[in-house]
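Heads up: the structure comes next, in C-alpha cells.
Letters A, B, C and D name the chains as they come in the text, with residue numbers starting at 1 for each one.
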Amino acid sequence: MNDLAQALVDTARLFGERQWCAATGGNFSARVDTAHCLITRSGCDKARLQVEDLITCTLEGAALDTAHRPSAETALHTGLYRLDADIGAVLHTHSMNATVLSRQAGDTLGWHGFEMQKALGNRSHEQRIELPVFDNDQDMDALAARLAEQWPQPGVRQPGFLVRGHGLYAWGRDVDEARRHVEGFEFLFACLLQERLLGLP
Amino acid sequence: MNDLAQALVDTARLFGERQWCAATGGNFSARVDTAHCLITRSGCDKARLQVEDLITCTLEGAALDTAHRPSAETALHTGLYRLDADIGAVLHTHSMNATVLSRQAGDTLGWHGFEMQKALGNRSHEQRIELPVFDNDQDMDALAARLAEQWPQPGVRQPGFLVRGHGLYAWGRDVDEARRHVEGFEFLFACLLQERLLGLP
Amino acid sequence: MNDLAQALVDTARLFGERQWCAATGGNFSARVDTAHCLITRSGCDKARLQVEDLITCTLEGAALDTAHRPSAETALHTGLYRLDADIGAVLHTHSMNATVLSRQAGDTLGWHGFEMQKALGNRSHEQRIELPVFDNDQDMDALAARLAEQWPQPGVRQPGFLVRGHGLYAWGRDVDEARRHVEGFEFLFACLLQERLLGLP
Amino acid sequence: MNDLAQALVDTARLFGERQWCAATGGNFSARVDTAHCLITRSGCDKARLQVEDLITCTLEGAALDTAHRPSAETALHTGLYRLDADIGAVLHTHSMNATVLSRQAGDTLGWHGFEMQKALGNRSHEQRIELPVFDNDQDMDALAARLAEQWPQPGVRQPGFLVRGHGLYAWGRDVDEARRHVEGFEFLFACLLQERLLGLP
C-alpha cells in the first residue's frame, strides 16, 4: 500500500505543479482491494500532498479513519470502482482548459484525426473519441446515479467524463494508466481550445 | 513567527515561479498579533525571497526595523488588517491575466457556473461572485481610503479586489487560506480571459 | 554509450516536463555505430525516463534486447539513420502547437523573417524555411517509405518534418544539435500559432 | 568576478527554463571594469549555462580567451557599454512574445496605464513608455551603429530596445536591475499580445 500511496502522491504533486488542480481542487484515489480505496482527504493542496493526506474508505464511501473527512466527491470515485472491477485508479483534475471547453459543450466533446487518441484506447487516429459531459451538481450522489445510468454496456470502452465548469474524471487499471489518460485528455483539451480560438468548428 | 515567515516565503517563491509577481511586483504579509504584521520589504525579487526580506510593521504601517523600507503598498495591507480582525494574511499578486482583464473591466469582474467559486466562499457554482475593481492610484493612502469606504457590512463576505492594470489583493484567516483564494482567483482569471478570446460575453 | 544514453534521458525528461511528449507520446534515439541505435522502448513516460528504458536496435529496427518492445515508430528513426550517415540523433516530439498547426497545414509549413531560422540551418532571417508535412499513418513502414521517396538530393539540408495531427521529427549530428533543432522548431510553431490567432496569413 | 559570473549564469538558466532563449538563442553580459565585460560564448544552451561558458572581452569586442568565440552579437553588448558608463549588465532574450509583437510593430512598441511600467523607470502608470524597434540585421556592427545614432541625449532614460523578429535587449546598472527590466518588458509583451488577440488597438 506504501507504493500505491506514493504513486498517488507523486501524480497529485505533478498535476498540482501543472495547475490542473489549483486551490485544493481535484481529488485522486486508487483501489486497495475488492472493498477499499485510498482517497485524498478534503481540502488539501495537491501540489504539497503528503502520504498522510490519503484516507482509506470502503467502496460505499465510509472513511475508516474518522479523524479526517474524505474528499466531498468520494461518491463519484467509489461509484466508478463499483461500476467496473477493472478500474484501479481514478484521477479528477480541474484544469482551465477542461473548465472552459466543458462550459461550451453539449452532451459530449469529441476528437478525430489526433494521434493522441491512441493513448485513450483508440486503435487509430481515424477513429472518433467522444467524452461525455455531465451538468455540474453539488449533490454527488445524484451525479453518481446519473453516471451509473449512462454507464456503457460491458466491453464498450469509456475512459473518462467531464463535469461542466468543473473538470475531468479519468481512470485506468492502475495509477500509471489513469495518469496517461489524464495527460492524453488534457493534451486534447489544449488542442481543441486552440482550434476553437482559431475559429475552427 | 518563524513558521509564519517561512509560510510567506514559500508562497512568495511559488507565486514568483508562476510569474504572478514578476520584476519585484507583488507583496505579501501576515498578521503577527493584534498590533503588528510581517510584510515583504520594497523591491525584492519574490522568486528568490528570503526570510530576511520580511519586515515587522505596526498596523499603522510603521516599520520596526528601520534599515529597510516596507513595501510601497503597505498601507493597503495594514488597512485590510484594521478593517477585519479575521484577516490573518494578505497576498497581492500582479499576474498577466489579472492585469489584462482589469483593464477591460468596469467596477467589478464576475463569474457564474464555475465549481472554482467554491474555493472563494460560494456554497455552489449556481451562485455568483463579484470582484470589485478599483482604479489604480500611486497614492496608496487614497486607495486604502476608497477601499475602506466600500468595505461591506459585517457578515458580507469579501475575499479580494482588483486594482486596474495592477493586480489582485486577496486574503484569508491564514497564509494557506489566502493562498487558496489567490489560486482560485487566478484560475478564474485564466478561464475568463479564454472565454473573452472565444468572443463570449 | 553511457554518456549517449544519459544525454537522451536528460533530453527526454526536459521535453517531458515541457509537455512536448505527454501521455507516453514522443520517442528518442541516437546512433551508436554504423549498424545500431539506442531508442526509447514503447509506452514509457518521457518525463520519468530511465537509462533502462532505452533499447539497442539494429538500423533495420530489430531489438537486440527482446524483453522489451522498441517504440512503435522505430522504423522512422532507423529509416532516417539509413538515409543520411550524418544523422546521429532523432527526436520525435508531440507538442500541442505542432499538432494544431499540422492539422491546418498543406504539404509544408513555412517561416520567413525569424532570427530563429538560423538555429535550423538558414544563414539569415531573410531566407525561407519549409518544413514538410506528411499525412499520419498507423503503418510506420509506409510512412518511412514516403519519407525516403521525398528525401532531398545530397547537399540539400532537411532538418525535420511534421506528421499531421501527430508531431515533429527533427534530427542532428548529435543529441545536442537535434535538441537545438527541436527547440528551434517548437519556438517557430509557438510564434506561428500566435500569428494565426492574430489573423495573420 | 566569481559573483558576477554566477549572477549571469543564474539569470541565464532562469530565462532558459522560461524558454526566453530557446535553441541557444539569447546572450548575456556584465561589465567587469572600465575596459572589459564577461559575455556568454557563442552557441551554448542557456538553460544549462556554466561559468566556463563565459568569456572576457574588451569593450571593443576582442576576446581575451581565444579558445572560444564570444557571442555573435557581442558588438551590440560592447556598444551599449561604450554608450553609457552606467550600464553594468546587458541581457538579450529571444522570447515568443517579443518575436511576434516586434514583427507587427512599427518603429516603437508602447504601453500606458500599466503599473508594471514603474519597474522600467516610469514614476506612474499614467506616463507612457516607448520601446524602439530596429529592423533585424545579420551585420551586428551596422545594427550597433544604428543604435548609437538613435541613442538618446544624456539624462533621457532608455531601458531597452527590440530587434524585429529577433528579441529584446535590456540593461541595468547591475545584473539584478537588468533582470528586473527583462521581467518587466516580458510581462508587458505578454499583456500586449493578449490585448491584440482580444482585438484591442
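Observations, loosely collected:
Quick note on the criterion: a contact is a pair of C-beta atoms (placed from the backbone, for glycine too) under 8 Å apart; a residue touches a chain by one contact, two chains touch by 3 or more.
What you are looking at is a predicted structure, and each value in this text was computed from that prediction instead of being measured.
Look at the contact of chain C with chain D and you find different residues on each copy: under half of the numbers used there are shared. In this assembly, the chain whose C-alpha centre lies farthest from chain C is B.
Averaged C-alpha coordinates give centres for chain A and chain B that are 31 Å from one another.
With each centre defined as the average position of its C-alpha atoms, the distance from chain A to chain D rounds to 44 Å.
The set of chain A residues touching two or more other chains comprises 197. Against chain A, the residues of chain C that register as touching in their complex are 19, 22-25, 45, 47, 94, 96, 99-100, 103-104, 136, 138, 163-167, 193, 196-197.
Against chain C, the residues of chain A that register as touching in their complex are 14, 18, 113-116, 119, 123-125, 176, 179-181, 183-184, 186-187, 190-191, 194-195, 197-198, 200.
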